Every structure is written in structure tokens, then in C-alpha cells.
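Given below, in the form of C-alpha cells, are the structures.
Okay, so chain A shows up in both of these, paired with chain B first and chain C after.
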Partner chain A sequence: MPIIHKFDYLKPKSLSEALTVLAQSKNAAILAGGTDLVDMIKENVAQPDLVVDIKGLDELNQIKFENDTLFIGAGATFSDLIESKIIKEKYPVIFEVAKTVASVGIRNRATVVGNICSAVPCMDSGPLLIAYDATVQLAGQKGERKIPAAEWFIAPRKTALQKGEIVTGVSLPYPKVKHAGCWVKLGRYTGEDLAQVNLLILALSDGTFRISFGAVVPIPVRAKKIEKLLNGQTITPSLIEKAKQLIEEEIKPITDVRATKEYRIHMAKVMFERGLDAAIRRLNGNGQAYGTSMI
Partner chain B sequence: MEENKYIGKSTVRIDGKAKVSGAAEFIDDLDFGPDLLYAAIVESKFAHAIINKIDTSEAENIPGVVKIVTGKDFPFRFGLYMHDRFIFAQDRVRFVGEQIGAVIARDAATALKAAKLVRVDYTELPAILNVEQALAKDANLIHPELRHYKHVPWFFPKSDTNIAHLRKVRKGDVEKAFKESDFIFEDTYTVPRYAHCAIEVHGAVGLYDNSDRLTVWTASQSPYTQRNLFAEALAPLGLSHKDIRVITPFIGGGFGGKAGVSMEILGAALATAVKGRPVKVLWSRAQEFYNTYQRQGLTARIKVGLKKDGTIIAMDNILNWDAGAYVEYGANVVNAAGLSASGPYNIPNVSIDSVCVYTNLPPGGPYRGFGYSEFLFGLESHLNEIAKKMKIDPIQLRRKNAIREGDILNYGGKMNANGLIEAIDKVEKEIEWGKKETSSDPNKAIGKGIALFWKAPAMPPNASSSAFLKFNEDGSINILISGMEIGQGLLTVMAQIAAEVLTVPPEKIRVETPDTDRNPYEWQTVGSHVTWGCGRAVESAAIDAREQIFDIVERALGKDRKSLYLENESVKSKTDNNFSLKLCDFIIAGIQKPDGSYRGGPILGRGMFMPEFTSALSDPETSQGGHPNVHYTVGASAVKIEVDKQTGKVKIPKVVLAVDVGKALNPDLINGQITGGLLQGIATVLYEDMRFNNKGKLINPNFTDYKIPTSMDIPDEIVPIIIEVPQPDGPSGARGVGEHTMIPCAPMIANAVDDALGIRIKSMPITAEKIALSVKHS
Partner chain C sequence: MKHKIIGKGERRVDALGKVTGTAKYAEDFNVMHQLYGKVLRAKHPHAKILKIDTSKAQKLDGVEAILTANDIPGDKVFGVVVRNQAILAHDKVRYLGDGVALVAAKTKEIAEQAASLIEVEYEPLPVISDPEEAFKPESIKIHGDDNQFVHHHVTKGDIEKGFTEADFIIEKKFKTQFIEHSAIEPEAVLAEPAEHGGVIVTGSVQNLFSSRRSVAAALKLDLNKVQIIQSTLGGSFGGKDEVMTAMCCRAALLCMKTGKPVKMVNTREESMLESYKRHPYVLYYKWGCKKNGSIAAMEIKCIADGGAYASMSPFVTWRSVVQATGPYYCENVKTDVYAVYTNNNYTGAMRGFGSPQVNFAIESMMDELAEKVGKDPFEIRLQNGFETGAVTATGQKLDHRVSLKEVLTKSAEAADFLNKWNQYRTPSTSPKRKGIGLACSYRGVSLGAEGTDAAGTIVSVQTDGSVIVSSGITDMGQGAQTQMSQIAAEVLGISMDRIQFLNTNTSRVPDSGPTVASRGTIMGGTAAKKGAEIVRAFLMKTASEMTGLDVMSLDFKDNYLIDANNGERLASFNEIAAECFNKGRPMYGFGWYKSPQTSWDEHHGHGEAYFTFVYGVNIAEVEVDTETGKVDVLNFVSCHDVGKAINRNSVLGQFYGGVAMGLGYGLMEEFDFEDSIPKQLNFDEYLIPTSMDVPNIIPIIVENEDAAGPFGAKSIGEPSNELAAPAIINAIYNATGKRIYEIPATLERVLLGHKLTRKGERGSAKKEEVLADSCKIRPEGR
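Up next is the complex of A and B:
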């Protein structure tokens, strides 16, 4: 399908050059993987006057672990995450998330940062970042900004990004205690799909939990009521039942072409129960390998 | 019987190297040079509306636009079996996305941009979006002119209704038989629409050159039918068949969607508007969904009467088909399914009404299975329900009633030789029927399901095939046919057939895709008939060549032709062990006589096949009297599923399919058909799900929300079982097999779900959501 919309294309050699052209342009779009942007231009949903390609900026292409914090640069693709040694060792649940994103071809181009900039409700990166209390790092001509992931998402397809800014990456602080996680994503078949429900659970060795939902909410949310109920408690079947009762208060699913509201609520409960069990087992060293689907 | 040397062997595909190396060209690979123009389509926004005015002025001013055409430029009606469609909408649009006009421009982006600027003024009409609305007493007519439409003699349209065709079957005395039945079971099953989802989209490039010759390159299963329909539709412009040439390169999947003529008419028509320059129309994925053909929706009411012992004595089926806005092809799906909707069973008293209903949804048409998948979902589900209620084993019920050779078919003919019972027995054993299995996971249940299937090719009684076979100097062969390679391996099998007759190995035979100027006639590559029909034509061409060879040897060397035979690419004699003449020594050059003159010349075999025993003439009230079907291919399939009671997700540890192919000309290719067919069929039951909004617009014309299987969705184990009860009129005893491998999937899965969970789902698809919510509510 041809692209009707006309735009200029620029591939800056440095971040400052990118920021300069961005400041000068009226309606620039930033291109990293392009898996969302190019489709949106094709469908005339996005009509940028300038496309700024940041793939050449080496400083944005890294994944590094420093000061107990993981930095995922804006150019890092989901395939990069899957292949990263640091991630497999320290944040295996990120590997688990990345493995469920789209298909190999898309993962070779699509980025975490692009995913949270598009900020569609079914994105896979959102629940992950808010569960890890991640920070979104931005650069602009006026300097750098850091925004907690929970404040980054404002509404579907709407973020705290301001004109002239580039997201340079996201930082995920390593929890202070040992932890394990589980990512559960609902699709309509085994092949790649956009989530109808997704859920990330972190179980920490101090007896606390971090639970976040996506796809069943306009923007990803931490299930604060459930976390409060579970934190510090012995996890018993009756406590799990109580937690499941709270799920409907935490999420706001809709009926659309992919699933009904009823099935999403039903599955959120099933996925929560299985994900919680898997995360605890992994914490205790007797869980299934990361990458194993719980549904 | 003599051992075959090439038939029955898994010869490696002769087009394999071209495909894996990228040498194979598809329509979008062809280079038409810098003069190539591109067309974009102006499409209807409404499912049903009157077109008041089309304003192209703004679009015409876009630089790069060459020409804009609309319905008034082509006021012609055409169609395959019924002339009910138009090149562009005339005064009325009948589905969302219907073509109203086209913008031809120097590049694709300009064409698309300008097409969006064409203003269409409509008066919206009430849209009829389902069969119930269409059949209601005061329903608006979608085709008020129906009574004037030309159609084949075996269609029976009902004027002043939305019924485009009614196929009635009446065999025996159904009323009396129901009275004599000990049990009667009645239920209704529904099947939604489906899309073929060939990986390659439809495309056509037309060139009407300055010598008044029209060449159209198409992605098609049907080059000759296309040429015929182009000639018919464009006859008012002075074109005749000889002036029209259709060239069909390799295609990336068809599944029936590239049969007949759908969007390709645009390539032909638009070319006449820009004489001297080629013009290309390439569908987007969305257009591929909403403006080609879709598999038709079906509501099937099935009523079965049985004796206490499980003998079925009566069946009364009403099949209401949502056939869409134009039914020029789809009405024949309704027809074919109607003739066979009692399934592979010997039932003495049958009543079937198969009703082709116009709706304001996209045109229905052929899709692998041609209506059989749809009615088998209901029929084979219903038989399991009956078995359950009568406390009979579902396989026993089927075996008891299975059709056998010589049994009387619904139209009065006799059933062909077949291995249905063998298929049932083998499938039963392989799936370990009766062995109850439980999962170690308490959330999961294991179930098994079975379904039988049958299908006949649906084609006009005079559908024919032909072939040319040309020898080359080195003894290699080029075969010219117009049967289409659509992934099934036709080219390879045709080479094997010729190889067997002429003793020339398949690797020395090249078979190319069609060009109607060069390759002889083939009706269409549809209906699982082409290996059978085109195979007979190739066999006959090879025999013709062989006889020419013997003739030359006899004339030049005085050998008794009765003693001659071919072996290892040479002519040999049964009476003279020392005689051996290599084919390459004379099949072009001829044989030299002692006086220096030659006898012979290039060997050129010619073959043709038409099933002269068929007839579509029958009593319209009963369907008795004709012989519409050439043969039925039958089989059985069974599956073991593991279903998660909480999520509703179905996993398939094992599936087995046995099909009576008559003779497996190439077993690997048949195993490929079985694997592919099962995968396609299982997808239609588990997750493919076409959704329209309340305005008749398809809301998931994309792979984001219309899911087709990936490599991750293949069952863990697939067991193909080939049964060979020869088809006497087939090449080496072969009969059709292409479609049959997908059609038992839906009821087989439905039956397995019921076996696992005790839940009967009567509407497709049987998604995880539907299963989980059924469990929750049960």
C-alpha cells in the first residue's frame, strides 16, 4: 500500500542535532523501529512533516546495568532484550514479556520505548515498567527530564511527552530484595496477537507483591488494592479468592472485536491466580522456566 | 499389474527450486517498464445506497492523474453462472467497499490520493445484513432486476424476492419416513463467513495495445474462464476471444478465492480506458478481505429420523445461505452443497432446500470445500448429538449408515467405488477411539471427536481440460496446460503422468504456468478436479506422442508397431532384443532413410478430457434425473484435544485424517494437502472470526484481528492415512483430494469439545472465549 503523505526524512548523527531539528519542526515524528509509525503514516493517521530517524544514535542503542538500575535505550529492540545476558540474569521476566511481543520479524525492529510512546492500551511494555517503578528518561533542548512510568501514561495514545522532546530510554531500578516475576498475556491463538488481557506480577522475598494490568484498562495500572491485601500475608486459597474479588475494582475492560468484557474479567481472574502461583514458585526456586505460558 | 516407475512416487516438486530460490515470479514481480500506470478504487461507504452523483472534478486536478472512470463508462453486466454483477456499480451500491470508480495515475500514491477526492453523493437505503431480514415478507429487494438476469439452466431464481437460486432435492417419501421413524432429532447450526487469506493478494495488470489486443496478467486459478468472462463483459467494445490473452504467473495461494473473476475484471476494463499503456490494480490486504469472494455464511436446520437400531431413514435439511451482494459464483456453491447435504450416508428419504439469499454483505463465492465444510459442521455435529441421545457409539452410528458403492445418491445416480468404511476403521484405530484419557492437570479435559466427509467437484457438465506435449532435441519435454499450480503440486504431478507414459524422468520435463495464447484450454483449477481432469488430458497427450513415435519408427524402419514399447527414453521391440532407438535421436530430427531423406518430424502430443457422462439437467422440484457430479471423494478424520476448562483454550495433541484418493500419484504432496487442509480447517473453527458492524462494514479486514494459523498453531502430531480404491476414469485411478482435507475439521473439533466437556456448541467459530464462557455458565 503506497504512502500518500509527503514528509522529509532526516537521520541525525547526534542527539543534540536530533533535538535541534525537532525544535525547529512543526510536526516531527521520531522513527526508531517504525513498526507503529510507518503503519500510521500509511493509514494517514500520522501526518508528520518530518521523520527523525534515531537509529543512528549509538548512545540510545544500549542496554546496560549500572548502579542497580537497568537502562533500556530508545533504540533497543525486543529481540535485543531477548538476547541480553543482563536481562536473562537479573530481570528474566523482561525476557518473558519480550518473547510474547508480536513475531520475530517485528521484534527485530520494534522497541520498548516506541511501544510506550504509542501507548495503546494493549501494549506489552506498560505493565512491566510500572511494576518495576521504572523511570522514563527524556531529553529536550532545555535539558533532561525523568518521569515515573506511572505518570508517563495519561490516556490511550497519550503520554507526558512534550513537544521537542525525545525519550532516550527507560530505567528499571532493581528491587532491593530478591524477586521473581510472571508475565501472563492473553491472545486468541498461539501465534502473535495483541493482548486482550495482560498481567505482570512480581513476588518479592520480603513478602510483598507488585501487580500490574494492561489491556483491560485505558492505561496500565498497578493493582494497589490487591497488593495491599496480599503484602506480608501468607498466600492461602481464601486470600486468593478475596484478591480475585478485587480484580473487578482494579480494571475497566471493554467489549471489542478481540474479546468481550465478560471474558476479559473472567480471564483476568484466571491469569492472576496462575501468575501469582507461578511467581511465588519461581521465587522459591521451584517454578517453571521463564517463557512458559501459564494459560 | 505392472510396477509404476514414476506414478505413486514422491517426486520432488519440479517448481521447488524456482520457488525457494526466488526465481519464481508472481504478479507483483513482473516488470512492465516506465509506462506502467496504477489504479486506485473509489469504494462504496454504504452497504446499500443509490448513487445520485459522482463528482470527479477535484480528483482530476491532481497532477499525475491520467484518467478517471466510473460505472457509466462500463454499463455491462457479467458473471460466471449468473450475470448479476457489474464492472463498476451502476445506479446502486450493494456492499461496503464495492467499486464505484477508479482513478488511473502515473504512480500508486497519486492514484490513491486522488481516489479519496472523488465525491459520491448517495441516498442510503436500508441494508439487509442477514438471511432473516432478506427473507422477511416485506424485505427490500437487493436486485429488483433479478428476473432479467441471464443464468445457467440449473439455477432457479425467485423473481421479486431476494432468493437468487433455490436447489430442491426430493428423494423417496420424507413425510412417510418421518412417520415411520422411532426417533426424530432436529436442530439448527450456524456458520459465519470466512476469508481465504491467501498470502499473495489479488492483482491484475491490463494492456490494451494499439493493435487492439488486450493482454491481462492476473493472479488467478482460472485464466481461461477469465478470458471468457473478459470477452463476454467487454464484447460491446468490439473485443473477441482471439484478441484477449490472459497470462497467469505463479500465485501465492488461491483456496478458491482466485477462481472465476473478481477484481481482475478491473485490470481488463481499465486497460481499455488507457489504450497503449499497461495499468496495474493490486489489492491491499483490506480489499483482499472485503472485495474478492468470501466464504458464505450458513444457517442449517437439520432434521433426522431414525429407526431404533440407528438406521437413518429420513432427513430434511433447510440450508439458508448468506450469499452476499452478488452471487454469480456463490449460487453454485449453494447448488453443489444442496445436492450433497445429506453427507456420506445412505438415506432413502431426503428433502433438502438449499437457498441462495442475497444480502448487503460482500459477494460470497468459492472457498476450499465449496459449501461442504459449512453443512458438514451442522450435520456431523448433529449426528453426535443423536448418538448421545440414542446411546449409540458415534462411530457405530456412522458406520451403520455410511454410503457404499452402488447406493443411490440424492439425484438418483449411483455412488462410486470408495473406501469410506476402511477410512472409518483406520481412523478409529489410530485415534484409539473408546480409550478415555484424563489430563494430569485438573484444569484440563481431554476429548476425542470424529467426522466423516465427502465432496464432489462442482463444475459444469462440459468442463474440460486439454494439454500439449512438445518434445525437444535432447529428448526433454515441455508440457503446456492451463491447469494452475496453486501450491498443490500440479506441475509435478502432470510431469509424473507424462513421465510414466513416455519413460522420460520428471526432471527432464518442464511444465509452465498458463498463457492462453500458448497453452490450451482448461476450464478452471477448482473443485479438486484438476489432477483428475487435466491429468487425463496430459495422459492422453503423452499417449498421442507415444503413438506418433511408434508411427515414425514403423514408417521409417519397418518395425511392427505392435511390438514397440518405450523404456528408459528409448523405443524398444518385444520381438527384437537388439533394437533400441533413443528418443533424442529422432523426436525432432526424424529418422533418416538409406536414401538420405527423413521420416517424422517434431513430436507434438495433444490431449483432451471432458467427462461426457455428466449432465446438469434434472427436475427442478426434485433434482432427480441428471448426473451433475463426476465422483465423490470420501474419508474420515478424528482428533484428540486437550481443553483448558478455565481459559477455553484448545490444544491438539493428535489429529488423523484418512482420505480415499483413488491412487496417490505423489504421496508427499497428498500428505502436504492433508497437513495444510487440517491447519486451515482447524483455524476456521478455533479462531478465524469475521466481524461486521451494524452497517455491514467488515471491522477486521486485517491479520491483526482476523487470525490465521502460524507455525506455532500446528497440531503436535498429524497422521495422514492414504486409502486407494481406484477411480476407474481417473489418471492411474486417481480422484480429487485438494479440498477434502479441511472440510471435516469444524464438526470434529465441536464433537471433541463435547466429548471433553459435555458442551455442544452449535455456532462457529468455537473460540476459547465461547468455550470458557459456556463452561462458566453451565
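Up next is the complex of A and C:
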């Protein structure tokens, strides 16, 4: 569809310039990858008066590891994550997540930060960030703000972002002990698809687990009851069965055009069992390579 | 006979233009002062139109014309079989894709805005979305006084007697889905006023001559005043017929009204909303069988959802009724195929044309029969399969070479079918289970008794020996131009680089019927051969005079005239061409081919339906994850008797593409409606297989040359696509012991045995009728 609304376009050279124009405009939209925004403008769902393109801000295009914390800048694309050496080395499960996001063409444009700003329930980045207890970093005219990822998501398509603010990036602290992870995403075929169930499991060498679900909840959640059940325990078949029983308490799937509630619940259990097994195996050094689908 | 060019993998004549970007697709045509056309479509799937107010839209700056049905000077409806499809809805809208008004404006944006300013008042009517509902006498009528608009039947022998003789009966119900053609290029045209009156339409049109008839009738013009020119097509799969006719008519109407060129391009969403689909069928199969595995009686009833307009339903369902028994012996047959109107998208031609639906049922039934009598799928088909001389359900004696058993045996060997089938049958405890399945098909070539079947191709030699070929058969990406060029090059003894092919133009080539029914090579190719032979005779006469040698001892080879006895080069082809021109001889060959006779008695349901048939086998090897319902197709064997492969690479392309598309039909594709409102309008929700979903495919080309085709060639476009789905479904059965009776075999159908469909409120669901076993629990006694 042709774009029938007019808007201004600006590509600022510095973050402060970007913040200034954002503060001055009534209804500005921030453009990074544009994979969501451009479609919404075309379909007339978004009608910004100004589009602020932040791709020119080099300070936001970084992926860096400092002080035991990974910083993913707002301009970093999923392809950047896949190619990052530091991620493959320290956070291979991020590589595993990024590989399942859409297709190569989209991954070359789409960003993690854009993904959590759109905040649709089936996003892939949400479960990842809350499992790592990540922090969302914002800049505004009044200064910087940091929000825990778990508080960032408010409702579908609704976040804690305030008018005039830009998300500069996300920070993922490296867990204090050795860990491994597994990302399991349910699509309807091997080609690119939006997730019907998302699951991220981190297994830590201190015997604790971090488990988060996406797509079967309005906003990504940590499965706190299951974590509590498993933490410090020897993982036995009967314990796994107990954990699976708890899944229905942790998630709230719906039936839509992509999958039914019944199937999503069934699959959340299968994915949990396979993902847990894979994460533990990886922790013990005998798991399958990252990027191998468990379903 | 040894060929120079036939049978080789010659590079396609359109390859370079397509890969370098010089090929011009419909959207690439732009001219000065062109306007942009836009269609305002229906708000309801079924409603009376009370009032259309265009006054606000008219006032918008940049709007040049707004048209409704009342502004059409000639015929307001069109249709190849039943003339009831509205160019613009006049009394009521019958599905959501119906056009209600047209806008032409200076920019796309203004056209879009103007369309949104047109106010239409509707009186909504009850909606019929279920074809079986449409049959009921109390149902609201969509056209005239009956929703049923087709009933074809075939009878053979005595069905009652057959069932009496049977030892047992297998009776099953099957369902298939709506399928989107998914051509990579959506519909587009440019209509321009012609300099001496009339209109020229350039666009992604598949069947130019039927589109031309409708444009001429709508505009009240003679056929010679309407020129339709084929742009390079980005795929069709049967999908650029009526929907393109409607677009041609609309753009031409706006063009004639404004006197300016008008461009129209559908977005993907508009395309999916408006275009016709492959028919969903409900199929009731009842077979009376004997303990030895033979079939004594087949009673078959199929109901096709024709959607809002008749389109090709009468022909699609006719192919179904002819082929409904499959290539299997049965003396007592009763088949009835119906088509009914609903408020869903209308359904029409799509690669297969009535065969994929019945093949799914037939091949599932055949595996059930094998299971019942303790035979394997290979043996049961060898036992029942047609041989040369067999008499079909319609009473036609197959006097060509019936190669069913040859393709069956070759495929089974290549796939190691029997070993694997036996191995995979053994129950295992692993959640992932492998299975292998096969399916056969036979298919009537070309149009058959549907109607006049003839085509023309022009071979024109230039004075420098280069050659221009053009035909009434269109190339939509299937390679028709390359095949016809190869045939002309073979006859003339020249290389492919001497040939230039022209896109079809209705004013420059004869009406050759539609390019459908896998008839391009057999019809256009035979015409090309005849055309080239006509020119060759003039060139040879010239050569004989030049050399003083008898025509019989001369030949053309590798761009030279040679002495046929010793291969000595006597002159270049170019020199002969120049000399032929100097002698004042025509260098233009017009080849016309009328197919062999077919016949049909609709009253008795008998006849020589098609002049020849092709035979094929697909074997699928799958892995089913019984915990998730996921079916991975691991390996695939596709084997077809093509008569003669004119271009080996094109044939392989058809094999691979056909399997990929068939896999989508079997496993994932489904154009779904909720109360006749489409649930998906783009490829985020309408899933088609990607390269990551397509398995390793082993192609086996079988060549039993047929007298009816050029160099023995028959068909492959549709045969390649019509039997992958049942092969996969049979493989799932082999893996799990559970059978799927409704396609696609999505994750949920495989795992749960049913699919839940969304109904009403977000999050609520209704369970659909159970038409599949769940693979979650393994049956006993296997």
C-alpha cells in the first residue's frame, strides 16, 4: 500500500540532537531497523509527524562486554548478534535466539531494542532479557534511566518508555557462575514464523535455573514457581513431571489463527522438558551445539 | 532418432533477462501521464448494494474518474463457461473480493484516499460459507434460484451388483482446503489508449484471448480494437486468468473514460483478498473390495466449493469426475461431482485442476485397502493398476503405452520402498518415527473434451538467418518459450542463440486457447514443429537449387547446410536464408495444431475424455515427531512419464517445484475463512514451504514417446504437483499407524487428530469435526 500520510524524516548526528528533536515533536517515531515501523506506516496504523532515524548514531551501534556485563546497543541487529564473537563465546544462547528470528533479510535490519519496543507477545527478545535479569537503558532530556527488563513490559505493545526518551541499549549481566542455556521456539514449519510458544532456560552450575516464557503470555514471564521447584534439586523424571504440571499456572495461552490454546499448552510442556534436558547437557559439556532445534 | 537440441538442458531463452533485470514484468511498464487505478472492494461477503455515493471522492484534487457498474457501456459480467462474474458488483456483493467502484487518479496516494471517500450503503444478507449448507433448500441463493451449478457424473457397470459381490466395504470421508496460487508476482496491468481507437493492455495475463473477449464485450469494441500484450510473468500456476480478466476490464474502462493510460497493481493483500483459489472438496469414497485385494465397486461423491462465481468450476470438476477412480481397474463405478456457490472466494484453475483433491482420496483409500487385505502399498497398486489397453471408468480404452507399472517399479526401487516400508511399520518406542508412503496418478493431457483444443505458432526466418518465434501459448515461467524455441531450432538445424522469442500479443498471433491443462508444450510445441517444417521446406528447396543436390541428401546441422551423406558443410544457414529471400520465397511458417479427437456424453457420463494420458508416482519418506506433530519430509522420489523431455532442466524444475508445492498442500497451506472472511492476506499467516522445508528430491524421468506430441512429448506441469500430498499422508500412516483424512496435516492435526478453529471472541475455540486419528496414542494390533 502506498503511504498516504506525510511525515518529516530526520537522521540526527548525535544522541543529544535526537533527544532535542524528540522533545520538540508532537508525535515522533524512532526508526532503527524499521521492520515494524515501516509496515505500520504503510498500513496507516502509525501516523507519526516525524521519523527520527537513529541508525547514524555510532554510540548506539555497539555490542560490548565490560565489567562482566554485555551491552547491546539500540542499533545492533540480530545479524550483528549472530556474528558477534563475544556472544558466541560468553552468551551462546543469544546466538541461538537470534538464529530463529525471522529470516536473513529481516535479521539484517531488525534490532533487539526495536523488538522489545514493539513488545508484541510473540517477540523473541523478551524471554531472553528477563532470563538474564537484563536492564533497559534509556536516555531523555532529563538524563538517563535504567529499568529492569521485567518491569519494562507492561502489556502487549505497551512498555515503560516515556515520551521524549530513546532506548540506548540493553545490558545483560553475566551470571556469577558458569551457565548454559537453551532456546526453544515453536513455529509451524521450518521457514520463518512468528512464535507460538517461546521458552528460554538457563541452567547454572550452582544448581539454579532461570526459565522464561514468551508468546503464551501477554508479556514475557519468568516461571518462578518452576524455578523454585527445581532450584538446588536433583533433576529426576518425577520432578520434571511435577514441573510440567506447574506450566499451566505460569502461562496464559490463547487460541488464534496460528495455534490453539490446547496445542500451545501441550507444546509448552514438551518444549520445557526438551529444553531443560538440553540446557543441563550443555552445562555438563555433552549437549548439542547451539543453534540445534529441539523440536 | 538422435537429436541435437531436444532432450538437452538448454539455457532458457528468458534466463538472462530475468537474472540481469532487463526482463519487464507488468509493474515495470510506465508511460508519461499515466494514472493509477484503484478498486474499492466489498465491505461484506454477501450484501445488497443500496447506494453508492461518490460525490466526496469526486471532489478530491487529482481524481480523474470514478466508475461504478452503471458506467460500463457493454457487458457487466464475464465468464468462460457461465457468464456471471461481475466486473463491478451492480446488484449485490457476493464475496469480500468483489469490486464495487473504480478510481483513477494522478497518484497512488490520491487513488487510495479517493477510494476511502466513496460511501456505499449495504443491506447485509445471510452468508453461506459451508458448501454442504449451500445445498439446503432453505439456504439463501447467491445466483439465480439454485446454489448447485454443476453436477457431473460417470457410471460404469452396475454399482449395486458390485457391492453385492464385495467381501467388505471401505467408506471414508475426506476434506481438502482452499489453496492460494502464491505466484511471486501479484496482478498488474497498464492500459493505454490505442492510436487508432481501442485499447492496449500490457500485463501479467495468463489467458490473453479470454481476457480480450471480456474486455471487448465490456467496452463494446471489436476484438481487433483490443490488444492484450503479455508482459514477462512472475508465475501463475493457473492463477492469472479471471482475476486478470477483471483487472484488464477495469483498467481498460478507466483508460477509455479518461483517455489516459491507467496503471493498476494489486498489493499482496489485495491479491489474496480478490483472487480465486484451488477448490476445497468434501469427498465421500465408498469402495466394495474383495479379499484378494481387487475392487468390485466404487461409489464416489464430491462436493466442490465454487465460491462466489462459476469461473472454471464446471471444467475443474469435470476433470475430477473423469479421474476420480484413479488408474485402477473397477468394473462398477458411480461418481457424482457437484459444485455449489458460497460467499467464499471463487475457486478456479490451479495447477492440478481437480486432480489433487481426488488423488488424495484415491491414494489414501488404496493404502487402506492394502492394509485390510494384508498387502503392501506397492503390491496393491501393481495388482489393480491400469495396463495398456485398459478401459477407464468413462469407457475409454487406453491404447497409448500405459506406463503406470513402469513408473511404479522404478520409483519403488529408487526409494528402497519395500524394505523401508516394512522396517518403519515395526512399532518403536522413540518419539520420532520414520515412515514411507507412495502415491500414483494418471492424468488426461490437455483440455480433452472440455472444448476446442488447437494452437498456433509462427516461425519467421530473417534474411540473416536469425529466427523469430511467437505463439498464442504464453510463458508464465514454466518455460514454454524455451521448449518451442528448442523445437524450432531442432527442425531448422540451428543453435538456440539464433532464436528470439516474442511475448504473446493477441493482435499478432492467432487465438490458441488458454495456456492451461499442461498443454503448452504438446500444443504450442507441435505447432512450432509444424511452422518450422514449413519454413524448412522453402529453405531446402532453395538449398537444393543452390547445390544441385536432391533435398533428400541435404540437411541443416549446427547452423550449416550439410551433405547428409558425409556431413560436409556446403553453406551456412545464413546464406541459405539470404538466398531464399532473394528468390522471393516466404520465410514464414505458420504452424497450426488441432488435437486428436475426444468425445463426451454428459448424459451417460461416458467418453473418450482425453486423447492421451500421463502416469506418475511420488514416494515420500518422513519423520514424524509424535510428541509435537511435526512432520519432516526427509527424502522424496518423483517419477513421471513425460513422453519426451524437450528440455531436461525445465522438466526437472517442474519435478522439484511440483513436489515443493505438493508438500505445501499436504502439510501447511490453507486459505482459511471465518464466515467467509479470509483469515490471512499475506505470507505471514499463509504458509508456503521455504527452501528449508523442501526435502532431497530424486527425480526419475521416464520417456515413452507419444504419437500425439512433438518428438513424443506429453505433459509435466500439473502431473508433478498432483500426488505429493497423498504420498506424504501415506508416509505419516506408515510412521504412526494413524491416518489423516483432512489436509493439510498441520502440527495440530497430526498431534491432536483435529484442529481447533477460532470462533467469535478472542481466545475461544470450537472443535472441528474429527477427520484424523491422533498420533499421540499408538493403535493396537499393528
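As a convention for this text, the second predicted complex is superposed on the first by the 295 of 295 C-alpha atoms of A that agree within 3 Å, B and C clash if a C-alpha of one lies under 4 Å from a C-alpha of the other, contacts with A are read in each partner's own complex, and residues count from 1 in each chain.
To be clear about the criterion, a residue touches a chain if its C-beta (ideal position, glycine included) is under 8 Å from a C-beta of that chain, and two chains touch if they have at least 3 such contacts.
A quick note: this is a predicted structure, and the numbers were derived from the prediction, not measured.
Superposition of the two structures on chain A shows chain C clashing with chain B. When the two complexes are overlaid on their common chain A, residue A:Val38 makes contact with neither chain B nor chain C. When both complexes are overlaid on chain A, the residue A:Lys261 reaches chain C alone and has no touch with chain B. When the two complexes are overlaid on their common chain A, residue A:Tyr189 makes contact with chain B and with chain C alike. Shared-chain residue A:Leu50: touches no atom of chain B or chain C. In the superposition on chain A, A:Leu239 contacts neither chain B nor chain C. Of the two partner chains placed around the shared chain by superposition, chain B and chain C are both touched by A:Ile4. The residues of chain A shared by its contacts with chain B and with chain C are 1-4, 188-194, 257-260, 262-263, 266-267, 270, 295. Across the complex, chain A meets chain C through its residues 1-4, 188-194, 254-263, 266-267, 270, 295. Listed in rising order, the residues of chain B touching chain A in the complex are 107-109, 112-113, 116, 284-285, 644, 646-647, 649, 683, 686-687, 691, 699-700, 704-705, 707, 709-713, 767-769, 772-773, 776.
Those residues of chain A that touch chain B in the complex are listed here as 1-4, 103, 186, 188-194, 257-260, 262-263, 266-267, 270, 295. Those residues of chain C lying in contact with chain A across their complex are 107-109, 112-113, 267, 269, 625, 627-630, 667-668, 672, 679-680, 684-685, 687, 689-690, 692-693, 746-748, 751-752, 755-756, 758, 762-765.
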